[in-house]
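Comments concern the structure below.
Letters A, B and C mark the chains in the order given here, with residues in each chain numbered from 1 onward.
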Amino acid sequence: MGDLLAVTVDGVLYASWLFIIAAGLTLIYGVMRILNMAHGSLYALGAYAAASLAGAWLRGGHAPMGSYAMLAAAAILVGLVMGPLIERGLLRFCYGKDEVVLVLVTYALFLMLEDAVKLVWGVEAYFVAEPYGLLGSVELGPLSYPVYSGILVLAAVGVGVALLYAVTRTKHGKLLLAVIHDREMSAAMGIDVNRIYLVTFTAGTMLAAIGGALTAPTVSVLPGMGVEVIVLAFAVVVIGGLGSMPGAALGALIVGLVRSAAVHWLPQVELFSIYLVMALVLVFRPRGLFVAAEARKI
Amino acid sequence: MSAGAPPRLWPRLGLALLVTLAVVPFLPKWAAFLVTLALAKGLVALGLLLLMRTGLVSFGQGLYYGIGAYAAGMGASALELGDAVPLVLLGATAAGLVALLLGLLLARYRTIFFAMLSLAFSMIFYGLLVKTSALGSTDGFNVAARSTFGLPTTSPVGRFGVYGLGALVVFVGAASLDRYLRSHLGRLAPAIRDNELRVEYMGASVRNVVHLHLVLAAVLAGAGGALTALAVGHVDPETTYWTTSGEFVFVAILSGTGSVAAPFVGALLLELLRSFAYEHAPNTWQLVVGASMLAVILFLPEGLWSVFRRRRRAA
Amino acid sequence: MSAILETRGLTKAFGAVVAANDLSVSVAPDTVVGLIGGNGAGKTTFLNLVTGYQKPTAGTVTFEGRDITGLAPRRITRLGICRSFQIPQVFDTLTAYENLLVGLGIVSLGRRAFVGSALGDQAPEAVAEEMLQRFRLGEWRDAPASALPEGVRKLLDIAMALAVKPRILLLDEPTSGVSADEKFALMDLVLGAIRADKVTVLFVEHDMDIVRRYTERILAFYDGRIIADGMPDRVLADAEVRRYVTGEPVPGGA
């Protein structure tokens, strides 16, 4: 019984982390039809920026609680700098190209960012563990969890609610839906599609960076840390259906629970259980759980 | 032969083979090694060329590359096959069989879904390898062939056996693929890329053709993996990781799909660049690769090969 | 003479919308049939159901006495029914010659697999050249299909359908997008090229002059049903057809 609880809690924690990252990936795909392979690198950038900022803050002898603000600031900073830089500097020259070509463009970007990180931060590991332990821990039956993990869950819920609100309740969100629905029509109706793309990509980048910044205190921040994240996030959004936000949430939950179940009960399948689930879902739902296949008009 | 079609390639490929074999005794060991790796990886990219001509980009060719490498390695250790030739055949066959099975599923998918599902399969295999201690887990294990075509690796000629075998496999692979692409069946590749519906409405099964091409590409990748294992003398799970697959995609994009010779030029270029970068700038290697890939996609969408062709046309 | 193509109660519903409603048609071999009707009347749905692009909700399709209901397009094509498309479906990066060669190659592959090439078939390359001449596509032989003018793409699309040697050819609006003064020339060319092989032709057409001139029989569609079926003069004079399809004033009618 305690096992089941542990599996569930671990699964939900892992799912929260996955959802924040996958939400950015699926948002960008849904609006821009770009499956961003560099998403993992942006996650890594978020982690590096967080480790540097929070580290500097703590070394400067400021109040430890302020390190949380530094994590948030790092994520926002990465989003606001890298989002527009990549969208305006590279992606806008590629609109209208094949989806697969765009995957290759972002793959090239991934390669470049991987080395850029090494050039800026070097190859040594960064640690900033203080924010992780600062809040103490909480007892859940026989188990003990750091309160910091709760922040992760709150952040995931917050991201989900904010996205839902932004899309359904704000004018920009409605324009966004119009662009998703029919971009040529939207452009013809005077919607500034370029602006929508810029905002979307920046928001997506920021989500990746938030994922990275929140992770920074829990791991050693190392080169290559985004390499596995990107394929995990792919699995999540492919399971849920590319471009679908509820799909990303459900996909994250499925992947989170499957992985934590594997870790607890069948550790030898941990690494590939996720991809196995992804392959299984695609067998029965070729476009993922939340996206229906479309027939072509001839 | 119609006037518009390019001339057959195999005579020139044959010449290239003879030249490659002739320079063997004069090459320093490291150069022979580098060229062998380029030939092996070029084979994987050649398979990608076939898939790309069919309109598919696979981010999971590392799966077949890894299967080829591990099959050759296990053939050498478990089956005690001592000669490189049966080991390469074993690698190619094993990869082909796996593609035959996975193709039942993969052949239904297109565009990014195909790319992602192939990636998922390669990652499943990676996960299996990492957790299999009998196969050395993350460390992998050593592979050695005692001979090539019966020539012991200790003999002066046999020393370059894997290199010569690589050149031969490349010749056979490239010449057959070139011939295939000009056949009625092979011509369906660009037709499928352009318009699947029409191919079906002409009475051919798109799924069967895609399945066949998956198997052919896997056989080439498996042979490439086996050759790499024999040249390096070692296999490890890295061969099936998604970044390895990404490197093959890079070679295929860099080379373009214009000619069956292109992937080998691209792979050689990559290996040369890599050995240079490892010496002088190990931390900017991916930066160079990424930037050149971007440049090719944006400015030379047909790949580097199109530059040669354009020049020849102008002449 | 027995029918080459027969549909019985063919019905296709998309939710509440019935795109084809109880279509029962029997087509004699070696005839030219025109399909008329407004947009959404069910003509293209009929073609899609017969060629297997869509599966009927109810009803059957029989070709040469064989039930082909719900078979995949490629199986139906192999049996001998092919079609051209309202929007030309050609291979954009291949030349006109290669476009034809794809279809001819598929046919020759099929023959080799099942009957053997000892039948003395002409080489696909030669047939492709001959078809280019027959459809007056010679000057476009080596141009990629993406660079062809719309009318030429249309012609190529039809030639490709004929390349797989069908017994029945379904043409979806062969003259749409072709200027009025070229329509007759195009139909002369197409039907001349097709009819030499004694192929049964069903074609969708909006121009009543074309229909009157080239068909022996007309099926008039309205709201998913066939409201008139018969000799062109009779169908075009039918009161319902004039009201719902051709939009001509009905003498003495409501």
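Operating definition for what follows: a residue touches a chain if its C-beta (ideal position, glycine included) is under 8 Å from a C-beta of that chain, and two chains touch if they have at least 3 such contacts.
Quick caveat: nothing in here was measured; it's all calculated off a predicted structure.
Asker: State which chain is most central when centres are taken as means of Cα atoms.
Answerer: B
Asker: Compare the CA centroid of chain B with every other chain's and tell me the farthest one.
Answerer: Centre of mass proxy via C-alpha means gives C as farthest from chain B.
Asker: Give, as an integer number of Å, the spacing between the C-alpha centres of chain B and chain A.
Answerer: 33
Asker: Taking each chain's centre as the mean position of its Cα atoms, how many Å separate chain B from chain C?
Answerer: Those two chain centres are 44 Å apart.
Asker: Take the average of all CA coordinates in chain A, do the same for chain C, and state the distance between these two points in whole angstrom.
Answerer: Chain centroid spacing, chain A to chain C, equals 50 Å.
Asker: Residues touching two or more other chains, restricted to chain C: which are they?
Answerer: 89
Asker: I need the residues of chain B touching at least two other chains; which ones are they?
Answerer: Residues 197 of chain B each touch two or more of the other chains.
Asker: Among the residues of chain A, pick out those that touch two or more other chains and give their numbers.
Answerer: Residue numbers touching two or more other chains: 298.
Asker: What residues of chain B sit close enough to touch chain C in their complex?
Answerer: These residues of chain B touch chain C: 2-4, 184-185, 187-188, 190-191, 193-195, 197-205.
Asker: Across the complex, what residues on chain B touch chain A?
Answerer: 57, 59, 105, 108-109, 111-113, 115-117, 119-121, 123-128, 130-131, 197, 242-243, 246, 249-250, 253, 283-287, 289-291, 293-294, 297-298, 301
Asker: For the complex, give me every residue of chain C touching chain B.
Answerer: Chain C reaches chain B through residues 51, 72-74, 77-78, 82-83, 89-95, 97-98, 101-103, 105-110, 124-125, 141-142, 160-161, 163-164.
Asker: State the interface residues of chain A toward chain B in the complex, per the touch definition above.
Answerer: 35, 90, 93-94, 98-101, 103-105, 107-116, 118-119, 123, 227, 231, 234-235, 238, 242, 268-273, 275-276, 278-279, 282-283, 286-287, 296, 298
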